[in-house]
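Each structure below appears as C-alpha cells.
After this come two complexes, each holding chain A, first together with chain B and then together with chain C.
Here is the complex of A and B:
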C-alpha cells in the first residue's frame, strides 16, 4: 500500500508540504464548480447567474453554521452528533418565545444561545469528566433532546415575526444576509483558533491529549469550550431555519441530517477526524462543495433519491482523493529549519508507511481516553 | 474436613470473582440485563413464561445479530454506519426479487448474501486502500445505498416475498414442549452467536482484536491488516443481511425497516462494554447489550412510559453505562482497584492499560519517538 507513495515521496515531499490543507479544498471546489458549470451549461442554463449563486450561498448557510462548530469539536478529537436536535430545539424555542412579536426577538435569541451553551457544557463535561467517548456522549444527549422534542411538540409551533424572517429572506446583491452572518462567524472562528490561547490548546489537545497535558495544558477546558461553541453555532443554524420557515419545527434538524453531513463537510475540508489538524476555511470549502453539488443536481432535476447516491459517492471520493494526497499526516514540527529535511528525509524516507504510523498512534491515544 | 473448608473457600473465592466480574465493565451488561428482566417480570409476571420469553428473544434476534456484526468492526477499531442501509436494501431486494414465486427463494437468498458481502468488501477496501476514515466511508455507503434503494422503489413500500421465505423470520419449529414454538430466528441467533464466539477465539479473530488495539504492532506481528480490516466489514454487512432476512418475515417490506439500526447496533455494542476505538470487548457482551437495550424498551412499555421517552432513556443509559465503564477503568489504572484481587487481571492482562505507545527506539531521531514501519 505504501510502496507506491514511497517511491515518489522524496520527490513530491517539498511540494506537498507547501500545499496547505485548505488550498487543496479550494482546488477541489474550483474543480467541482468547473464540472458543475459545464453540466449546467449542457442543459442550457447558466451556472453563474445571480439566482443560481444565491441558491448556492443560501444552501451553504445552515450547514455552514453547524459545520463551523463541528470543526472545533473535531479538532479536539471529539464528535458532536447532537447538533440536529439542538437545531430543532433552538428553532422551537425561538419561534415559541417570539410568538409573532418583534419586541421578543432579543430575549428569544439570548435564551436560545444560553440553552445551547448549557447543552454544549453538558456534552463537554460528559466527554471530559466522565471520560465518555464523544461519539457516545453526544449520541446520548442528542437522544435525550429528541425524547424531549417528541414528547412536548406534536408538530410545528410558534410564530416568527416578519422582522426576524427578513434575515433569512434578504440579501446584499446576490449574497444572502444569512450567508454573510455565517461567513462572519467563520471569521470569528478562524481568529479564535489562530489568535487565542484556547484556540491553540484545541489543536494541542486534539493532536495528542497526553502530550498536551504533560505540556501543562488543562486538557478539559478546550474540549468543553469547543462543545459549547458547537452547540451555539448549531443554535444559530436553528435560528436561521426558524427565520426561513416562520415557525419552529421539531424535525427540521434531523431531516437535514446535519450531524453526519456536517462531519462529512468537516472531513471534506481537510480536518482530521482524529483531531489536531484542520481549519475553519477548509470546512467552509467542504460546505461549498456540498452546496454546489446540490445546486447542480437541482438544476439538472436529478431524482431526489439519486441525489443521496451522488452525495455519498462525492463524500467518499473527495475524502479518498484528499487522503491519497496527504500522506504526511503529522503537523510539521520544524518547518523553517534544516532539521525538517533531515528528520523528514532521513527517517521518513527510511521508514515507509510514515503516514499510516502517524495515523495509528492517535487512534491508540484516543482509545486510551475511552 | 480440611478438604471441605478449602473447597468452600475455593467456592467462595470463585463466587467473589464472579461478583467482581459482574460489577466490572465487562460483566456490567449482564447484571443490567438480569435487573431489567427481573423488573419486567415483576411488572408483568407472564413475561417469565417460556413461550413469552422466547417471543422476546425472537424480537431481539435481528438487533442482536446486527450487534454481533458491528462488534467485529468496532473491536477492529472502525465503525460501520452502513448497516441500517444494508438491512433496508436487503429487505427491499427480498420483497422485489422473490415476489410470490417461492422457487426463487434460494437463488435470491444467495444473491442477497453475495450482495451483502460485496457491500462489506467495498467498505473495507475503501477504508484499507483509499485510507478514507471508516466513519466517512460507511457514511457515504449509507447515503448511497439508501438513496439507490429508495430510487429503485420510488420511496414506497413495494413487493412482498412469498410466505415460504417469510417463514424464516416468522415461523419456527412447532409443537415443542414447554415453549410451544421455537422460532427460526432464535435458532439462527444462537447458531450465529456460537460461530461468532468460535471465530473470535480463532487466530483470525484474535488478530482483529490485535488490529483494533494497536495497528502498528498488529502489522509488525505479521497480520495482513488490510484483509483483517476488510473482513470485519464483510462480516458486519453479512450480519446485516441476515437481520434483513429475519426482518422481512417479522416486519414485512418497507423502506423504513432498518432505519437507525447502525446506531442501535453501536449502542448495543458499547453497552456491552466494547471500547470504541477497538481492542477490547467480548462478543457475547455485545449481544447481551442488544438484549439489555430491547429489555429496557420492553420495561418502559410495561411501565407505561410514553414511547416518545424511549429515546431519552436510551440516551441517558448509554451515557451512564459508558461513563461507568470509563471511570472504573480509570480507577483501576490509578491503582485504586475496584478489583483488589489480582486474579482477574492476571487472567486477562489488558495490553491497552499500559501506555500503548511503543518504547522509543534509540536509533530514531524523531522528536516524538513514534515507530516507523519497515526499513
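Here is the complex of A and C:
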C-alpha cells in the first residue's frame, strides 16, 4: 500500500502490542478498589484503614501461595486439583512434628516441603509419562491424599509453637509477614519464568508441545518441575494455615476451596487455561481482586450465600472478557462499511506506518495452517 | 556457478521409506554443494516432503545413506540435524506466537549468563542475524503473533541460521507470501548462497525454481526422475517430467450432455470482515475454480456463502431469490454443501463409523430422510469407490482418499444443488483425485453448480469453466477456462490489473 509513510519515518517501529493481560488485571483491580471504597464509605467505614488493609492482605496470602504454583502448572497446559489436600496434609505434618517445641520447626518445615515435592513429582510423572490428563491425574492423587487424611485424622491434630504462630500473627505496619513472604515467592516465581531456561520452556511446552519438542526441548521436564513447585507452594499455604490456627487440620484445605479458587484466580489474572501465556503478577492481581471483593462484602455484612454469587459472577465475567479477546484470532480485514482495514503488511517496503495496520493478513493464514 | 568446484556438503544416496507398507520413496538421492541452490520439484505426493524429513531426521529412513560434510549421519531428531549444520524450514511454522522473536530463535538453546537466561545476548544475536539478512523491519523483542506471515518465515530462516547451518532445506517457503515478499525471500536465499550455504529449495512454483536454482531434481511417485542443471531445462520439459503425462489426460472433460443452466448462486458486492465486494455467478452445470494464495480470503468466501461467517454487505441470491444465510444449518437447508479444507478437523468424526459420518448431516438437518439415506448409502459409497471393510469401520482407519470420499458421501446425501469444495484433493492419492474429478463432472451434468477452491493450479486450470482469483480479500480477477498459470499467479499476487475491482 503506502510506502509514503515510510519516507517520513524510516525505521520507526510502532509498538504493536496488544494490551498486556496483567495490565488489564491491574486496571480491573484499581476499579474494584475504587468501587469497593465507595461502597464501604457508604456504610460509614474507611476502606483504607490500617485494619481493613491488613484484613485484605491477610486474605490474599494463603490463596496467593497456592495460585502462584497453580500459575506455573497452568502455563504448562496442565492443572492441579490436588492442592487443597496438599494444604491440609502440610498443616497436619507441620503441627504434628512441631508438637509445641520450637526446636522442631526447621525439621518440620523441611519435611513438609519434601513431602510436597514428592507429591508434585508424582503428579508430574503421571501427567508426562503416563500421559494422564492433568485434571484427572491430580484429581486422583488428591483423592488418595484425602483418603489418607480421612482415615488417619478425625479432627485437628498437633500443636504449633508460639514462635511459628508469629508468622501468621505479626506484621510490618499494616502488612502481615505472611503477605511479604507470599510476595517474595511471587518475585522468585516471576524471575524463574522470565530468566531461567526451564521457565521459558514452560511457556513453550504449554504454548505448543510439538514446537517445543522440535526445538529440542525435553518436554516432560518443565511440566514435572511446575507440578513440584505447585505442590511446594501449596505446602507453604498449609504451613501458613497451621501457623494461624495453631493446629493442623485435615479439612482446612478443602474448606478453603483452594483448587478451584486458585484456578479461578490464575484465569482471572489473564493466564490462558490452555497454557502458553500468562504471568505471576496477573495471578497476584487476580488474588487481590478476590480479596478486595471478599473484604468489601464482609464489611458490608453481605449474606454469605450472596458472597459466592458475587464471586461466581466475577469469575464468569472475567473469563468471558478474555475469551472474547482470544477467539478474535482471525483479525478482520475489512470494516463493517467495507473499507480495507489492513494495509498490505510488507517487510521490505514496510507499509506499516501507523497503528495496527498490517496485522490483518498473518492471523488469517496462521489459522489456515493450523 | 561456483558450486560444483568444491566438495559436496551433503550427499544422500538410495533413500527409501515406506509407511504402513506403502512405499513413498524408493532409492532417491541427491548431492548438494556449498553455495548451491538446488530445486526439488514434483507433484504433491511425489515424496519431496518425505525426502526432506528423512534428511532432517523427522522420519527414520528404511534404507540409504546420508553424508554430511564427509561424515555418515543418521539423525533421529531435527534438533540433532540442526546442530550438525542441517537446518530445515518446514512448511508449517514452528513458532510460538506468544513469545518474542528472540525467544523463538533461541528456543531450546537459550544463552545463559550466571545461570540465568541472557536476554540481552539473545536480542543482540537475533538482531545481528536479522541485520546479516538485511532485515530491519523486525523487532527482536516483538511477539511473533504481531508479525506478518512473511516476517514469520524470516524468523524461521533466522532460527535455522542461528545454528550455523551449512545446509538449509526450505519447504514451500513462498506458499504464503505475496509478490514483493517473494522478492525479499529471493534476496535472502541468494545472500545465503553467496555465503556458501547450500540450499535445498522445494517449491511448486516453477518460476521460482528457475529464478533461483542452479540444479533441479525431479521426483515422481517416490522415485528420482532426473537431476541436472536448470539451464538445460524448459518449463514445459520440467512439467512433463513431473507429471509424466500431459496435464490434460489427468482431468476428465465435461460429460456429454452437460448443459449450462440457470444461475444457482449469485453474489453481488458480498462482503464481511474477511472478504469484500465479491461478485460471483454460479450456474447449474458449471464448475468455477477459485485460485489465490493462502490467506487471500478463498476459504472465507465459501464460509461466507455457507453462513459460517455470514455476509454483512451486498446481496446473495439462490436460484434467483434473495437469501440471507446466517448459519450453516440454514445453508444446508437451502441446498448448499461445503466440503471443508481440513477433513480431519472439520469434515469427519474420526472415531465414528463410515455410516455415522455419511449420515451425519442428514440426521441433524433432515432427520426424516435418515432411513431413506441409510438405504441408499451402500450405493453411494460404491459409486464413489470407497474401499473399506464395511460401513461400520471407523473412518480414522481409512486412507486420506477414502476419508474424503466419505465426506463427499455425507454431503451428497443432502442432494445439494450448490456444492462448495475447499481443497477437495489435498493430501489424497492420484486415483482418489481422479475419482473426485469424475464426481464433480457427474454432478455438473446433473445440474449442480460447483465452486472449487484449490491451491494446485493445474487442478484449477484442468477442471474449471471459469476461474475466480482472490487477492487480499477481494475477487481480483475472473479468468476464462484454460487460463495459463502465469496469468492466474499474477492475479493472485495482485500484479495483474484487470477484472472486477482488481485494485484500490
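Definition applied: the second predicted complex is superposed on the first by the 305 of 370 C-alpha atoms of A that agree within 3 Å, B and C clash if a C-alpha of one lies under 4 Å from a C-alpha of the other, contacts with A are read in each partner's own complex, and residues count from 1 in each chain.
Please note the rule applied: a contact is a pair of C-beta atoms (placed from the backbone, for glycine too) under 8 Å apart; a residue touches a chain by one contact, two chains touch by 3 or more.
Every value quoted in this text rests on a predicted model; they were computed, and no experiment measured them.
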{"item": "Greater residue coverage of chain A in the superposed arrangement, chain B or chain C", "value": "B"}
{"item": "Partner chain in contact with A:111 - chain B first, chain C second, else both or neither", "value": "neither"}
{"item": "Touched partner set for A:277, first chain B, second chain C, both or neither", "value": "second"}
{"item": "Which of chain B and chain C A:165 touches, first, second, both or neither", "value": "neither"}
{"item": "Touched partner set for A:323, first chain B, second chain C, both or neither", "value": "first"}
{"item": "Which superposed partner A:195 touches (first chain B, second chain C, both, neither)", "value": "second"}
{"item": "First, second, both or neither for A:215, with chain B first and chain C second", "value": "second"}
{"item": "Which of chain B and chain C A:298 touches, first, second, both or neither", "value": "neither"}
{"item": "Touching partner for A:203 - first (chain B), second (chain C), both, neither", "value": "second"}
{"item": "Doubly contacted residues of chain A, that is, touched by chain B and again by chain C", "value": "210-211, 333, 346-348, 350, 352, 358-359, 361, 363-366, 368"}
{"item": "Contact set on chain B toward chain A in their complex", "value": "77, 81, 126, 128-133, 135-137, 139-148, 150-151, 155, 213-216, 219, 226, 263, 266-267, 270, 275-280, 306, 308-319, 322-323, 326-327, 330, 352, 355-357, 364-368, 370-375"}
{"item": "Chain A to chain C touching residues, read off their complex", "value": "11, 13, 16-18, 194-197, 199-201, 203-204, 207-208, 210-212, 214-217, 276-277, 330, 332-338, 340, 344-350, 352, 358-359, 361-366, 368-369"}
{"item": "Chain C - residues contacting chain A, complex", "value": "77-79, 82, 92-99, 103, 107-110, 112, 115-117, 119, 135-139, 142-143, 145-152, 154, 176, 178, 180-181, 183-184, 271-277, 294-295, 297, 299-300, 312-313, 341, 472-473, 504"}
{"item": "Residue ranges of chain A touching chain B (in the complex, touch as defined)", "value": "1-2, 126, 130-133, 135-137, 139-144, 146-148, 150-151, 210-211, 260, 263-264, 267, 273-274, 303, 305-313, 315-316, 319-320, 323-324, 333, 342-343, 346-348, 350-361, 363-368, 370"}
